[in-house]
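Following are the structures in question.
Each of the next two complexes has subunit A plus one other chain: subunit B in the first, subunit C in the second.
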Partner chain A sequence: MAEETTHPTPAEPAAAPKAAPAAKPASPAATKPAAAKPAGHAAPKGPPLATLTPELVQLQQHFGENVITPAPYVGVLVNDLNKLREVMTYVRDQLGFDMLANVTAVDYIKEGYIQVVYHPQRSKGGQPITIKVRVPRGSDPVAPTEVAVPSLTPIYAGAEFQEREIYDMYGVRFEGHPDLRRILTWEGFYGWPLRKDWHEPYYEGDTKPFDSRWPGGHHQLAEERVPWADNVNYPPGFDPLNFNANPDAGLYDSMLSGVPHAQVEPNGHAQQAPQPKGVGAAVPVYDRNHNNLADEEELQTDQIIVNMGPQHPSTHGVLRMVVKLDGETVTDLKLALGYLHRNHEKIGERNTWLHNIPYTDRLDYICGIANELGYVITVEKMMGIKPTERAEYLRVIMAELTRIQSHFWAIGFLLNDLGAFYTPALYFITERDLILDLFESVSGSRLMCNYMRFGGVSRDFTEEQIAHARELAFDRIPRKIDELEQLLTDNEIIKARTIGVGYLPAERSINYSLTGPCLRAAGVPYDIRRVDPYSIYDRFDFEIPVFYGADVYDRYRVRVAEMRQSLRIVQQALNQLDQTKPGDIQAGKKAYNHRVPAGEAYGRVETPKGELGFYLVSDGGQNPYRYHVRSSSFINLNSLKEMVVGHKVADAVVILGSLDIVLGEVDR
Partner chain B sequence: MAEPTNANVSEEFQNDPRVPDELKNNVFITSLDKLYNWGRKRSMWPMLFGLACCAIEMIATAASRHDLARFGWELMRASPRQADLMIVSGTVTKKMIPQIVRLYNQMPEPRYVIAMGACATAGGPFKEGYNVVSGVDKFIPVDVYITGCPPRPEALLHSFIKLQEKIEKQSLRNVPWYRKGEDDVVPVPALGPDLVDLRRAQEIKEKAAQAAPAPEQPAA
Partner chain C sequence: MGLMGTGILKGLGVTLRHFIDTYAEDLKYVLNKSGARQPRPLRRQSPKNKGLVTVEYPRERLPLPENFRYVPFLVYDTEKQDDKCTSCGICAKVCPPQCIWIVRTEDPVTKRPVPQPKEFYIDTTICMNCGYCAEFCPFDAIKMDHDYELSYYPDQEPHARLVHDKSRLTKPDTYHASIHPTDWRRELEDRAAEEAKKKAAAEAKAKADAAKPAGGAAPAAKPAPAPGAARSSAPEPDKPAQADTGKSSSE
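On to the complex of A and B.
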C-alpha cells in the first residue's frame, strides 16, 4: 500500500511533457544550512515540501530545525550526516520504528547529489516514515563517493545487504559497514551501474520507446550497433591478457582471519545474541561471537571453507553459500549473490510505466501476480486513480490463489530439502498446476500472467473460470490442505528435523527486517494486509496466523495456516463477485502511455515471501525516474547467518528452504 | 557397416543354413549405430541445474502431469560428471557464465545442450541488461532452442523429441567424441571490468588500445 501519497504539483500535468527528463525534485535553498550540501540548486520554484506526520514533527523538535528539514514530496531530510546515527537511534528507540523496511538511493544528477532514502517502520503496524540524506556524487565517475554515509548496520542489522547494494549500484560509501563489497556485480566491475550517467553496452537511449523502434519501426540488432559486437564494454587501454581478475576479492577475508563479521554496537540490540534452542542447542561448538576460536587453535582442529552453489541442488537457484565448517557444524557463513542479477532496476528506469508490469512477473517468478499487484497499486496511488470494484475482487482472488500455490511450492521443496526427495513435492506441484490452469485460462500464461493494469485488470473471468475457481476454492484445495497436514504436520521425522532448527527470536527478526511467514513464525503478527490494508482486504474476514517457535517447523505451520486463510478470502471474494458488474474491469480508458505526476511513493504489499515494496520516483514523464524493488527474499537473507551458525550443514539447507527465497527476487 | 533393410536381414538370416535353428526366432540384427542411439536417446540424464524462471517450468515438466520419466530422462544428476544433457533454463548472466562454461567442460561426451526460453536463446526481455549474456550460445554450442518466456512444459517435451531425432541421426563413424585429438574445451571466460571472452582476447586488446570506442564512459 502506498503509504505516502504524492502531491501533484499544480504546474505538473501541463508542464511535464516538455520538460520530461528535467523536472527533478530540487530542494529549496531557504530551508537548509550550507553544511554537507552541494551548492547550486537554488531553483526558483522547487517541488512541494512534505507535510510532516506527527512522528516527524517530534523528530524535528528533538533535533532542531537545522538538522531535520522537510524533504521534497515526502519525509524529512537529515542535513548533518554525522547526526544520522543519532537520529536513527532516536527513531528506533524513542519513536518505536524498530524495523528498517527499505534503504535505497536515487541519483539526482542535475543537482549533483545522490540521495539515500530510509524507510523505517513499526513492527506493531502503521505506515513507514521516510528519512533522506544526501551525498555529493563526487568528481571521479569510477571511484566511490568521497563523502561517506554512516552505516546503519549497528542500529538495524537489516541494513547490511541493502547498503552493500547501494554501494554496488551507486558507489556510495558507508562508514562503519562490516563488509562493504560489491554484492550483485563482482569486485572489479567498472563503474556504478545505476548512476544516471552510466550507460550499459547496449545503451540506445534514456527512455523507451526508442526512436528507432517506434514510431519509425526500424529495427537493428543490438550486436550490429555496438563497437564490440556483444554486450560488453571495456575501459580504454584494457588488456584482457594481463589483468588481475578476482571477482571474489574480500569474500573469504573475514572467514579466514576469524574476525567477527558483524560488528555490534554497545547500545544495539545485536548485543544479546540468543542461543539456539531445542535440537540445535546440543551442537554448537562456537558461538556467534567466535569466542571459542582460541580453543580451536589449542585443539589443532582444522576448519574448512566449502562453497555451496551457485550450481547446487538445494540452494533454490543460483545462490552461493560459503560455509566454514568444523566437522559438519557450520561456524560461519557468507552469501555471494548476483548470479541472477538481471538489471531489473536499470531496465525498469528505461521502460515506460506500463512496460514494467510484465517485468515484475519475473521478479519472484513463483508468484508473479503478487508482484504485479504491488507495482500497480503504488503507481495508482501516484496517479490518483482507483480500480473498479470487479477488478479489485479479481485482483484479490488471483493474488490469494498465488499465495496458496506459492506455499504449496515452498512446502514441497522444504520437504525436498529435508531429504524426502521429490515425492511430497510431486503432490503439491499437481495441486499447483490446477491453480496455474486457472491463471492460464484467465491471462494466457501459467507463470508470467501480466494480468494487472493501472486501474484494473486485463481480462474478466468468464462463467467457466468462476466455476473453476469455485471448485478449487471450495472443494479441491481445502481437501488437499487437510491431506497435506495429515501427512506432514505430526510426522515424527519432520518434527525431529525442524523443531528448534533455525531459531531466530522476534526481536532479532525485527532488527534484521525479516518479513513474511518467517516473521509471523517468530510471534510477530505483522502482515501488510492487516497492519496497513491495501486493495479491499479490509472487507474480508480472515486471521493472521502467528506461531511462536521461530523455527523451521513453525514457519511451515504458518504457511499451512496461511493457505487456509487465503482460501477463506478467495471464498468470500468469489461469493461477493456477482454483486459487481461483469465486464467492468478497467477504470477510465485503456491507455498505453501513462504519465505519472511528479512525486515519489513507497508502496508495499504482502507477497507470499514477505513485504514487497516499490519505491518509485517520477519526474512527471513517461518513465520512472527511480524504480526500486524492496524485495523480501533479498532482505530476509540478511538473517540467514545467524540462523545457521551452530547447526549442521544438512540443517543449513533446511533453514534456507524455510526462508523460501526466490533468486529472481534476491538478485533482481 | 552397410545397412540392409530389416526385412532383408531377417529373411537372409532365417534362410541362412549356417544359423542354428534355436537362434532363428530369438536373434535380431540391426546396425550398431541404431542400437547405440536407441539406448542413448532413451536414457538421457539431464543435469539438475536451474537458472531462473524457466527452471520452474522444467520442474513442472519433471512432475506428475507432464512426466518426464516417459522419455527415460527423469534421472536428474546434480553432478556434471554424470550428466549427458544441460538444460540452460533461464537468464544467463555474466556472473554465472564462467560457472556454466566450467560445468559444460566437466560434462563427459557425448553431451547436449538445450537453450530453454528466450533468455538462454538470445537474452530475452533482459537482453539490454548490463549483466546479461545475449544467449548461452555465445559460449557453448547449443543443440535445440525453445521459444517462450517461459516455455510451457509441452514445449520442453517437444525439444526432447527434437533432440532424440538429432541423436538418431548421429553415426559412430563421425561423432566428435571418438575422434582423435583434443577435446573441444571452451575457455572459461573471466570477470574483469566486464566479461572477458578469452577467445577474443587479441581483438579486445587491439580495440581497447585504440582509445575507447566505448560509449559507456561516464561523462564526468
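On to the complex of A and C.
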C-alpha cells in the first residue's frame, strides 16, 4: 500500500528540526537522477497524491470530487466533515468495509491541522482503505480543537475507545461520542501528549540520537540533567495544596445515573459532570434482554459500584473494571485504563527507525517476536526491501512458536480465572519455558528478543538450535497439546462454566472491531495470515480454525486448534529450512542509520491476540514522524461490556480471561 | 461425551501422571541410577524431561546460552595492553534509550582526538539489554555480559554501582573468550584473514619496492606482524579498520 516515493520530496510533515536541512527542496533532487517525479505536476511542492483503488474511485464518484479528493501518499480526504458519517455509512454498507480496523491521528504542526485517519476493512478479507479528515489544531496548545469531528460510534462500535484515545492524545473532539473522557492519561492531565509541541518531563530533544552522548558525554543522571519542574506544565492558577482532582466522579456518576457523560466544551478543558446521586441510589432492575423486571418500590433493590482492580490477580495486570452490580449480576461495566501508559508512541517518534524494534517487544511482552514482525514488515514495505529466504523462514518459525507459547499461557491463566489455581497453568508454563529456552539461545533473551532486523534477523539458528526446535515441534509440543485437551476439553466443570458465557455474535464482534481468536470463535474466519498474507505464509499448508459458539469455551477451543495449526507451519518451515543458505540472514548491508522514504503505510500481522497494526508516517528522515500502534488487546476490550452485562461477577473475570489481553499492549 | 464426570476423571489422570513423573524424576536424581545423574538445571531445559523440575536458585542456576545478553562490558585487549574501543561513538548512536556516554581522548599537544575513550559510562538503570551496541560496534570492543546479578547494598555508593564507568565496564578479552567462545573464534578468524590480507599487500608492495632499490627492506616498518601469532594485533588504532569485520556500516 505504501506509495513508492523517493526521498527528496520536500517532506511535508517536517517538524523535526533535524530533518529541516534534508527537506530543502530541489537541490538534492537535482543531484539524484532517480527522482522519478511526474514532470506534469505544476506545483512541485507537497507530497504526491495517492492513486485511488477501485473502491475509492467508486466512493469519489458517488459523493463527487468536491467531497472526496485524493490524499497525499495514500487514501482519500473527506473535505466536508458534515458528510463524514454519510461517507462512512456508504463505505460500510455499500462497499462492504464492515470493520473499522484502525483510527488514529497525526499532528501536522507546520500545516496547522490534525489529520484523523480511518482504516476500514472487510471482514471477508483484503486490504483496508484509508480515509482521512482534517481539523485545524488551533493556536491554544492546551484547548481541545474548536472544530469537532463527527463520532463514528453509531456506525462502528469499535471506534469508541480509539476516538477516546485520539481525544486524549491530540485533543480532537468527537461530536456525538457517548463517553468522551480521557482514556490513557488521567482526568486531570494538562495538555495533549502526542501533539508535536508537547514535551515530556526530561525532554532532551525531538529526535535521537542526542548529541550530548558523544563525543562529550559526561554522564549525568536524567533527574539532574533536566529538573522535573522544568518540563511539567500545570494549569494556570494550579494550587497543589488545594487540589482535589476527583478524577473518577464523572465515571461513577455516569454509571449511577445512566446519563452519558457530559460533552466536552470546545473552549474549556474542564468537563461538567452531572450531579452525583450518591452510591446506592435505587435504580430499575433489568434482565438480560433489558426488560424492566420490577419497579424500584416493589423490589427495593440497591445497585452498587465495585472497583475490580487495578491491583487484582484476575485482571491480568493493572486494569480496573468498574462494575455496577445488582446482587451478583453485572448491570454495567466501564474500564479504567492507562495504569501502564508510558506513551510508547511518543517514545517511538523520538527514536530512530532501528531503535523502535526492541521497544515493540515491550508492547505485548508475552509475544515480543510477533510485535517485532509487525513493525519490521511495515518499515520494509515503506523502504521497499525484502528479507532473505532464510530470514523469512526463521521469522515464521519464531512467530509461530510465539503463538504456541502465548496460547499455552492464555489457556493456563484462563483456568486460573476459572478457579483451577495454578496446576494447569504450571503444566503449560513448563512447555512455554522450553520454547523460551530456544528463544534465549537464539536471540539472547527469553521475552525481549529483539530478533528482527530490517531485511533480516539478527542471528541464524545453529545446528543444535534447529535440533531443539525439531524436538519441540515434532515430538514434545504435539504430545503436550494432546495432554492439554485430555486435561481440559471434556471437563464438565469447565464446560458448565464457559459454554454460553461471554456470548458476542459475529455481526456485533465485527462491528466492535474484535480480532484474533475471539472473532474466529464467533464463526468469522478472519486471520491476516490468510486474508492479507504477509511474509511467506502463502507457502504453507494450514487451516484457520473456526468455531461458532462465540463464547468462552469456543475461544478456548480455537486457541487449542490454532496451536496445532501453528505446529504444522513450524514443522513445514523446519523441513524447508535446509533448502536455504545458512548464514544468509540479512538482505543488503547491515546498517543502523536507515532513512525511510517519505510516505506512510499501514502494516499488520496476526499476533496471538489479534490484528496488530502499525501506522507509520515518514518525512524522509531518520525518525518516524508518526508511529501508531493498533493494538488488538486495547480494541478487543471495547466489546467487554457487551459480553459481560447480565452475567455474574465471577463470570466477568472469566470473560476477561478469554479475551487474553496484555496490559503492556492495552496501555502502551 | 459419555457419562457425567468422565471428563473430570480423565483430567485427574493427567494430574496423577504428572505427580508420579515428578517423583520418579526426583528419585532418579537422588538414587543416581546408572550414572544418569544430571544437574537439575540441565534436566529442566531438556525437552526429554518428564514431570516438573524446580531449579533452586540461587543454589542452582540455569546454564546460560552463549548468546545470552545482559548489560554490556568493554573488552580490554590483554595482548596489546589497550582498550579495544576507539570511541567512534556508533554504540552511543544505536543505543535506543541513549544510555551510553562517551568522552573522547584528546591529544595533549595537537588537540586532535585520539581513538581511545577517556570516559565511558553506561547507565544500567536505563539500559534495556537490547544488544545493539555489541552488534553494531565495528571493533568488537563492546560485548554483552552474562553477569545478571547487579544489585548492591545500600552502603555502597549507588552512583558507582548502577552507572557503570569505564573502570567497572572494562573486562579482559580472556573473559570475553570464556563466555563467548563462538564469537571469539569468529573474531580470531576475521583477524587472521585481515592479517593475511595485510601481509599479502605488504609482500606485493615489497616486491614492487624490490624492483627499484636492491637491499632496502621497506616492509620491516609497521605491518607484518610475527607470522603465526594469530591473535596478535587488532586493526591499528590510528588507522581504523576499513570494513574489517564486514559489520561496519556507512555513516
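The working rule: the second predicted complex is superposed on the first by the 570 of 668 C-alpha atoms of A that agree within 3 Å, B and C clash if a C-alpha of one lies under 4 Å from a C-alpha of the other, contacts with A are read in each partner's own complex, and residues count from 1 in each chain.
Basically, a residue touches a chain if its C-beta (ideal position, glycine included) is under 8 Å from a C-beta of that chain, and two chains touch if they have at least 3 such contacts.
Predicted, not measured: the structure shown is a model, and the values here were computed from it.
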Counting touched residues of subunit A, say whether subunit B or subunit C comes out ahead. B
Contacts for A:P582 in the overlay, against subunit B (first) and subunit C (second): which applies, first, second, both or neither? neither
According to the stated criteria, A:L426 is in contact with first (subunit B), second (subunit C), both, or neither; which is it? both
Looking at A:G384, would you say it contacts subunit B, subunit C, both, or neither? Reply first, second, both or neither. neither
Would you check which partner chain A:V318 touches, where first means subunit B only, second means subunit C only, and both and neither mean what they say? first
With both complexes superposed on chain A, which partner does A:L488 reach: first (subunit B), second (subunit C), both or neither? second
Between subunit B and subunit C, whom does A:M448 touch in the aligned arrangement: first, second, both, or neither? both
Once the shared chain is lined up, is A:Y202 touching subunit B (first), subunit C (second), both, or neither of them? first
Considering only the touch criterion stated at the top, classify A:H219 as touching first (subunit B), second (subunit C), both, or neither. second
Identify the partner contact of A:P358: answer first if only subunit B is touched, second if only subunit C is, both if each is, neither if none is. both
Check subunit A for residues that touch subunit B in one structure and subunit C in the other, and list them. 222, 358-359, 426, 430, 448
Which bits of subunit A are touching subunit C when the two form their complex? 208-210, 212-219, 221-222, 351, 354-356, 358-359, 423, 426-427, 430, 434, 437, 440-445, 448, 450, 458-459, 468, 471-472, 475-476, 483, 486-495, 589-593
The subunit A residues in contact with subunit B across the complex are 139-142, 184-186, 188-191, 193, 195, 197-204, 222-223, 226-228, 230-241, 243, 245, 247, 310-313, 317-318, 338-344, 346-347, 350, 358-359, 362, 365-366, 425-426, 429-430, 433, 446-448, 663-664
Please output the residues of subunit B touching subunit A within their complex, sorted ascending. 48-53, 55-57, 59-60, 63-65, 78, 90-91, 93, 95-96, 99, 103, 123, 125-134, 138, 149-150, 152, 190-198, 200-202, 204-205, 207-209, 211-220
Subunit A-touching residues of subunit C, taken from the complex the two chains share: 1, 4-8, 10-11, 13-15, 18, 45, 47-48, 52, 65-69, 87, 89-90, 92-96, 98, 100-104, 113, 119, 121, 123, 126, 128-132, 135-136, 144, 159, 163, 165, 247, 249-251
